[in-house]
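Comments concern the structure below.
Per-chain residue numbering starts at 1, and chain names A, B, C and D are given in the order in which the chains are listed.
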Amino acid sequence: MCGIFAVYSQDDNEVARQIFFALMALQHRGQEAAGIAISTGVNINYKKDSGMVNQIFRERHLAELPGRFGIGHTRYSTTINKTGGRQPYQFACKLGPFAIAHNGEISNYRKTKQKLLDEGVCFFTETDTELLAHYITRSNKDTWEETLAELIREVPGAYSLVILTNNEIWALRDPLGNRLMSIGRKNDDWYIASESCCFNVIGAKNVGSVKPGSVVKIGVDGYTERSVLQYPRATCAFEYVYFARPDSQIDDVYVNEVRQRIGVELWDMTRDRFAEGEYIVSGVPESATPMAIGFANASGIRYNEIFAKNRYIHRTFIKPVDTERKSAVYLKFNPLVNNIKGQRIILIDDSIVRGNTIEHLVAVIKRAGAKEIHILVGSPEIHYPCYMGIDMRGGDEFIMNRCTPDELAQLVGADSVTFLEIERLAPAIGKSELCTACWTGSYPKELEW
Amino acid sequence: MCGIFAVYSQDDNEVARQIFFALMALQHRGQEAAGIAISTGVNINYKKDSGMVNQIFRERHLAELPGRFGIGHTRYSTTINKTGGRQPYQFACKLGPFAIAHNGEISNYRKTKQKLLDEGVCFFTETDTELLAHYITRSNKDTWEETLAELIREVPGAYSLVILTNNEIWALRDPLGNRLMSIGRKNDDWYIASESCCFNVIGAKNVGSVKPGSVVKIGVDGYTERSVLQYPRATCAFEYVYFARPDSQIDDVYVNEVRQRIGVELWDMTRDRFAEGEYIVSGVPESATPMAIGFANASGIRYNEIFAKNRYIHRTFIKPVDTERKSAVYLKFNPLVNNIKGQRIILIDDSIVRGNTIEHLVAVIKRAGAKEIHILVGSPEIHYPCYMGIDMRGGDEFIMNRCTPDELAQLVGADSVTFLEIERLAPAIGKSELCTACWTGSYPKELEW
Amino acid sequence: MCGIFAVYSQDDNEVARQIFFALMALQHRGQEAAGIAISTGVNINYKKDSGMVNQIFRERHLAELPGRFGIGHTRYSTTINKTGGRQPYQFACKLGPFAIAHNGEISNYRKTKQKLLDEGVCFFTETDTELLAHYITRSNKDTWEETLAELIREVPGAYSLVILTNNEIWALRDPLGNRLMSIGRKNDDWYIASESCCFNVIGAKNVGSVKPGSVVKIGVDGYTERSVLQYPRATCAFEYVYFARPDSQIDDVYVNEVRQRIGVELWDMTRDRFAEGEYIVSGVPESATPMAIGFANASGIRYNEIFAKNRYIHRTFIKPVDTERKSAVYLKFNPLVNNIKGQRIILIDDSIVRGNTIEHLVAVIKRAGAKEIHILVGSPEIHYPCYMGIDMRGGDEFIMNRCTPDELAQLVGADSVTFLEIERLAPAIGKSELCTACWTGSYPKELEW
Amino acid sequence: MCGIFAVYSQDDNEVARQIFFALMALQHRGQEAAGIAISTGVNINYKKDSGMVNQIFRERHLAELPGRFGIGHTRYSTTINKTGGRQPYQFACKLGPFAIAHNGEISNYRKTKQKLLDEGVCFFTETDTELLAHYITRSNKDTWEETLAELIREVPGAYSLVILTNNEIWALRDPLGNRLMSIGRKNDDWYIASESCCFNVIGAKNVGSVKPGSVVKIGVDGYTERSVLQYPRATCAFEYVYFARPDSQIDDVYVNEVRQRIGVELWDMTRDRFAEGEYIVSGVPESATPMAIGFANASGIRYNEIFAKNRYIHRTFIKPVDTERKSAVYLKFNPLVNNIKGQRIILIDDSIVRGNTIEHLVAVIKRAGAKEIHILVGSPEIHYPCYMGIDMRGGDEFIMNRCTPDELAQLVGADSVTFLEIERLAPAIGKSELCTACWTGSYPKELEW
């Protein structure tokens, strides 16, 4: 997925610090690597490394990054990006040196790359970010604005992109609006971010989203946005369901609110089954928690937590204790036995991809003494791969391509498994122009492979 | 606070791995440093470092730590321990080499240290762990068991302690039972831990607590426990309220259950005020969440989340953006505006020590548009310092030594502040033999300073 | 300068180890960074970092680099290479993925780079290594051999280059033979190296030099060399004088032997002055030591050491003690007072560039009580910049552009300063086809800027 | 061996920097670890780590170490010290907190340690440095001076020791004068060091040696030395022969001068054999180089270098290329073939301990084409272990306990091997009060085991 951020601030001692805190707030969009690039006005300095934002930067690094324009990136590795370096990348073209940070995917990556290879382009990574850089540098246009407008018109894909030159920030959002791009402001300082959740921590306010298919320029004169091309909107619905932080607004809708409404829809779908009998409802932390609360408040069924989540686990390099392979799941989800024992439990999860986690969770809950376990899933069955930046290439790896919900219930040992009906998603999100390709297979027709 | 762990396992390739995962699950008890010591039967090897468990250990370190007996430690720095090194410490005495890991505090530390200094003892840290080591090595007893029994009889304090020799684990729990010590078992493998929440992840079961004032020995023959001395029990109530993980059992009581019952007690105290009007109830994550759920389920008042907590922040070395000092709080607690705007909010916090956090939270909630904010605190007013291992030395730093609850409400901008009545604590915990000194000033009389 | 190395070995577990030891022996050619790239036959793995070879690699890194073909690099930063990353670089072109490591300089770098920029090439470093990579990938040729032959014909410069593909090593030496390239062999294993001094340590033998202007291919069938283009030879004379290790053979001549003969020439130039009176002769460690020994053995004047060189100083990040700026020189060159006091000293240095070192050394020697100090320099006066890979861009920075030898003697406080006559250099080296541009200003006419 | 250093300087911003540079100059006395301790006047701060001085310290570390009194240490691991931590150690006793750094060995270590263990002392390392600390803290004396005077009188051994308290430096030299301790001065700033070679780099002058058996105090009032106890002097002769830097003065005698005189003595011993025929003489770098020069200048036999020593090798963690075990020696000593081929070579080494190095060197020289190889050793045959701080525990490991010089010559393939006659050592050193126990077995009788 990756998180991107860009800033123009009058206070050139604060830019690196602002990017740092914004990246901290965007850490959920990528924990593999992070980087900051800041222009002094004359040249661009970088600090990038593998690991979590907090592990990479120290005060001395910020002190070595003066300047008023800067961009940052948190990296999440998708299939294609695997062999890439750490962003922002450092490039030079005939328009001068620039730094680039990117979230998303070019839909005809392989074909285009082969074409460029044949034309003599030298690649140093296997990322579509680099592909975009070659597009830019090979353009015949004489200005950044024209070059980027051309890119929007010619490169099909789902992407949000920020570019730092010596004296400007440029930003692009794909014409489908599939990827996210929020605008922040504090007095005369301007910000671009993958998600609005990062603005409060730097004292800025969310002032809207970049219009899909636009080229944004932030310079000393402030913010300007030029609309270049628009397709029927196809914003990624999965961001609402799972990926984005609940405190972010995506195109003016609060993610948390969507998730609560999904809970209400799930109740509406299942009220006949759960009206009778005593149940408790809970969510797999953390994205499904608001779904469970929404369900509880709509239904009057008691909400409770059933797992203690270890807040210190992001990534472990150590193999689990081998006597019992599944014991690793306890590291992340340890049962709150007193809330489980003897209960009939409705457990909501945001989505089911490969089915491993839900299988382990059901086993843990049963061992803790639950009487019944009903799984509700806050999104439809996933059948199709994503080519727009989410790391789901699927096929047989998608559990729902191998069984029905009832078979899944049997497989994992649950009493029932119910997925959200696809037609309930748009009402829950409050928008109808969504990309739902992973569930329905109808990809935006403007993309090609 | 610190977390301690000890293991005897038949499988000498798994001991380091088991300690690693147990320390991961005990990470909340100390994020400053961590260490593992394992005996090969002939000598003891160590791997210790500053930082989080996950950052310190790699597979190659575990491979360099073979053996069937081992101990581990996660370090939280209290006033006294500040200048200490990383545990487990490595010592030798006339009984041979040993490693020691400790959680707690010797109550007459300063007096005893001065006495030992006068007698010619050479100190290399300022920790009470080292003080205990000198007690051990200066004893006239000929065996570990007699030495440790003498220590229990003579050293007043609140501590739990594990010692690793070449072929045994020894463990002590203070005669007040103030500090915690759980016993785990998997077939013929035995474990000692600060909290039971770490047992599932290594495939072990919680089989009870070490009796206060006992010396435990774990050798190739298994587990033996010898009761040496018992005072009227004074288990730390603050562990239930705040410090322990909700999925731990402390002396057979689930922490999560206690916290939910505290919510019920808070409702019972305030039902007259909140019965009328529309409210939502929420908790400051994470310890107060079950309190809020308990309150909601008892009262019928709607539970909801009002903050998105950034799960990636444990410690930051970077100073906050300086234009607005308080902006840092947004990093940890960003408001879910859609759940707050226009609401009357009952916010439960587990405790209030210096009052800084609650002040920031109220400001954040008000700015997000709450109509009213009522603070309920899941424990009484803190007035007295802790000398038993919790880092609260207080005096004027305790906000409740400087104002009344009503004044606090005014100070932080809340509509009301209400603390749990002290007599409701024991019923909520379900035990009466508790140390409540920080609230009442009645310290266990067996301690001296 | 940089050091390069390439290997094809039948034993695919030893390739990384061989490169490691070869890079250790080539460490003097670059201490800034080092890297190894090895092909598994299917893909190429890398390990690169800043710092000394010894600090970068551990056994586990070698274990992660299996394969029979590999290249390595030690990096020395010249003006142009300053903003480059660590080599070997990782690229892909239409012929497949490749790794490249380079020593030298493209003589029309700026002009060519601008041309490529205008044509839409995207640069990610400011190195001429990358420029070469773009040449390669933009070629119309269909094979590596034709592509590299074209490169030799079209790119003017002084370079030696090794390229690793999935199943071959390719190597180029510039048609002037300015940069060095030795061939090593052990049974059916083949090696390419900047200097032959690295062959003994891996059990290989020096079997000659690559002919200037040739394309070398090393594959499973062994070593083949194709001569493409030859200019009148212009091997860098400075390599003999200063840069190369004394135990290397450059195009069949031992560096150490050359330096001893330079000492003989210096004696021949100055015999009239030093025949009378008692002198001792010494050399500035380490390159001038054989010059001093050659001088001593030719003249009968006693050789002795006058400095203890600290063998642990390669680079220090700490500023010197500030009370006395020059004290830092003592860290590297501390006087052997008993050998200096009351003596008439002839001190040989290999070359004088900016004059700082010699000034400090004379001050140190005088303070240690020398009666006289005569400086002999084992190479002529430097007046002209190097554009062929040695980091001397000069102008006013060259001390000999600002004063005569006599003025220099006065400036540094020596009794005399004498430079090697330019016509004595070729006899000392035993070759006449040399690049002497830095002394004479006659650059090889095949180069252009 | 270890290097120690202490400083009192008026300029409290320069103390850490001065220690850094002094430790750089003392790096040859220990490359395993290094540390600095500096007192602010109120407390003592430390920076210690494994590795070379240059790798450990950065400007920011120096900035965090303000103060006018400080000590430093470079660590070389001897048998006993193996399990010790990094020095300076940090201790507290009834006289207050102190730091301690030490070079040497307590001769009755094991006996005394057992006694202290029996008396209840808790050990945290296996170093004699810690033993000394316990002596100090257990003393009945009320002042540092009396305590340290007592230590000198009661603890037999060969040691030099510096102690840092909040406001003073204390230093001890053993009554045999076996270990070294030089005094430096710059205006009113005072220094103590293992060797005088470190004074120039900090702008100080060598003003003599600490008298054996003295307690030194350096405070704001300057330097005072109190003589406590003196035995017949037994300065370590091995320091002159091998360990010390050539530019150091040990008790007023230049090490370099001694080594040159050893060369003269070797010539005097062998003149009959080498007067006829053409030879060259060379030394194993670096300690034997002055011996070879002394030999050359006395004999008229031509001096030349025969090895290029790789100056970048201090320690390698990588196992050598395995096809030919001995190839590793080429990393350190690569032959200068042009100086060797066809020659009769006299090679001087400073000492022969286990015989491995000389065996490899002879093989290398022979393969490079030498006609004859005669080994001269600049010290007698080693037969006895050192108990005074040099890491030679010997027995069968000493090659000269297993064969005669002639047998050794045959074993290693040399034409002859000749050791310095013991009675020539004192004249070469210019002192007769030396410890020669490793050669003769006559240990200072004041020591006990």
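Note that a contact is a pair of C-beta atoms (placed from the backbone, for glycine too) under 8 Å apart; a residue touches a chain by one contact, two chains touch by 3 or more.
The model shown is predicted, which means the values in this text are computed figures rather than measured ones.
Enquirer: Write down the chain pair with more C-beta contact pairs when A-B is set against B-D.
Expert: A-B
Enquirer: In angstrom, rounded to a whole number, how far apart do the mean CA points of chain A and chain B lie?
Expert: Distance between chain centres: 35 Å.
Enquirer: Can you give the whole-Å distance between the Cα centres of chain B and chain D?
Expert: 49
Enquirer: Can you list every residue of chain D that touches 2 or more other chains, as numbers and ranges?
Expert: In chain D, nothing touches at least two other chains.
Enquirer: Between the chains shown, work out who touches whom and classify the graph as line, ring, star, complete or other.
Expert: ring
Enquirer: What residues of chain D sit close enough to touch chain B in their complex?
Expert: Those residues of chain D that touch chain B are 89-94, 117-118, 120-124, 126, 130, 133-134, 136-139.
Enquirer: Contact residues on chain D for chain C in the complex?
Expert: 11, 14, 17-18, 20-21, 24-25, 27-28, 31, 52-55, 57-59, 62, 186, 197, 200-203, 245-247, 254, 256-257, 260, 286, 289-290, 293, 296-297, 302-305, 307-308, 310-324, 327-328, 330-331, 334-339
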